[in-house]
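Structure below; questions to follow.
Each chain carries a letter (A, B, C and D) given by its place in the written order, and its residues are counted from 1.
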Amino acid sequence: MASQKIVGVMGKGNLATSREIDQAYELGRLIGENGWILLTGGRNVGVMNAASEGAKSVGGLTIGILPGKDKTGVSQAVDIAIVTDVGNGRNNINVLSSDVIIACGIGAGTLSEIALALKNNRQVILLTTDRVTIEFFTNLAPEQVFIVHQPQDAIALVKQFLENDDI
Amino acid sequence: MASQKIVGVMGKGNLATSREIDQAYELGRLIGENGWILLTGGRNVGVMNAASEGAKSVGGLTIGILPGKDKTGVSQAVDIAIVTDVGNGRNNINVLSSDVIIACGIGAGTLSEIALALKNNRQVILLTTDRVTIEFFTNLAPEQVFIVHQPQDAIALVKQFLENDDI
Amino acid sequence: MASQKIVGVMGKGNLATSREIDQAYELGRLIGENGWILLTGGRNVGVMNAASEGAKSVGGLTIGILPGKDKTGVSQAVDIAIVTDVGNGRNNINVLSSDVIIACGIGAGTLSEIALALKNNRQVILLTTDRVTIEFFTNLAPEQVFIVHQPQDAIALVKQFLENDDI
Amino acid sequence: MASQKIVGVMGKGNLATSREIDQAYELGRLIGENGWILLTGGRNVGVMNAASEGAKSVGGLTIGILPGKDKTGVSQAVDIAIVTDVGNGRNNINVLSSDVIIACGIGAGTLSEIALALKNNRQVILLTTDRVTIEFFTNLAPEQVFIVHQPQDAIALVKQFLENDDI
């Protein structure tokens, strides 16, 4: 057998909005239902935590890529904690380890993950309705960033990418 | 639930001896039987590959922490591939992410993993019968390096460490 | 004595425009004239290379933080090559090691550097005239991103930041 | 011009013996006198600090590769601080960035640096008189580890390696 399919969900930590939290939970739930592994930044806050809880609510498997040198602050909904001690450099590991990457809203950390994905010639599904953000990425990388408005639209794209062996 | 227990098995790649390969397979098998997750350096050679195959032979879950920027060279017995692109710096991630660390023989890479484990105040179970290696580590770090001669002795120590919450 | 002041200049590699190359050379020259150390991503292309050549044209000292495992592709205008083998993860080292960060135009890599700077609570001087880029960062991080149109304006801000011990 | 020659000196931090401190200072002094750049782990303790002070005593240039996310704890004798935020993973950067590597005594961190150097197919000059350490490395990597007893012997080897373009 080969390695299993991993879908990464990136987004804000402490600054996540309640709408982003809801969407992240729904993304995690749908990822778990589809039998994919969920990968996040692993901390017990914001989008990371909500997506992991969503995946666990349906019995999915969750990986958390932690920035520090131990498991301090890991989400209780993370099954497998990878302890990197590379600080924000772990954002590059997040994107490289995900077969498909979903950004759920935009903060500084998420922006670095989208940018690192693009730099590594990867595609990103970006869940946002913000006009300025959409215009910015449409200008910067129209063939690599796919804008969606709802979690189920993101999941539909994930299916399409995985079927195309888009890894 | 909290994150699951991970046992790391480190050892030589291309230069592994047939004895080390056999012991690594047995370590992986016993780790899988005990319901722990196996973590290795993920490549399709040597101790990494044999331990992963051993774990899969009994239905265990296997993680591979890869040094490169994609999954090239990943062992077919790795379920979850973490792509780090930090080269040999991934050896630090190997030891930090393992609740218990077993070194199956000694090469340059394994030596770096043992040393990084010690530097991070972690304990290491070292499977070796080499007199010089034993004397070296007994001098360097007698309270952190535990010498064993057989895979089953290593596993007995893992049980003891995990029961003591030695993480 | 304490460590010397380092000004980082980030920008596109192979895809840099001739205008960006000219501006990078001018930035490097002004950084060298001011007695600051120049830090770049170290490769022999684009903004990195031009800024390093500009600094050397006036006898400045240049550091290059390389992504690979050896000095392959290093700019001939780099005095001190730091070999990281952390791939694009070196972008985090670029921003953390710079007392002041200047982004000369925007590509995927530069975008990751700006984002990582913001995530690390650092300020960035962004040399651009692109309306969409300006609007995006004005929305995202108005207190951390400073837009300028000319190299000399960037250097004026660097002086101001260093005088304020803004490190 | 091409990048300047960098000699790395590795050794214990807080646990360094007074003899190791003296030898590190002398190594730094000789490296500075020879016009090479000194690279260390950058902290204000032990071998790192003493070597940097030795190099500065003769006007040498010193680089410190720091493990944390800012300059906290940097040696006052470091001219150029590289801030990596990769924890002990910075030990791999230390060895990759040094044209020649000298280990001044052995601790867990230094052992990881020697091991990572060997893993990266690099040579190491090891300053020690400890019989067990000498026997261990003579067994493990006789063609890559060069044992010396005095700082001046280490420097003689550095000259030989640099003349051979042994990089």
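Things worth noting here:
Here, a residue touches a chain if its C-beta (ideal position, glycine included) is under 8 Å from a C-beta of that chain, and two chains touch if they have at least 3 such contacts.
Bear in mind the structure is a predicted one, so any value in this text is a computation, not a measurement.
Ranking every chain by how far its Cα centroid lies from the centroid of chain D, the top place goes to A. The chain pair with more C-beta contacts between its two chains, of A-B and B-C, is A-B. Our note on geometry: chain A versus chain B, Cα centroid distance of 28 Å, whole angstroms. Computed centre separation for the pair chain B/chain C is 40 angstrom, with centres defined by C-alpha atoms. Across the assembly, chain C contributes residues 69, 85-89, 92-93, 120 that each touch 2 or more other chains. Chain contact topology: the protein chains form a complete graph, every chain touching every other one. Those residues of chain A that touch chain D in the complex are listed here as 69, 85-89.
Put simply, chain D touches chain B in their complex at residues 86-89, 91-93, 106, 108-109, 111-112, 114-116, 118-120, 130, 132-133, 135-136, 139-141. Residues 1-4, 6, 37, 56, 63-65, 69-71, 74, 76-86, 89, 92-93, 96-97, 120, 167 of chain C touch chain D in their complex.
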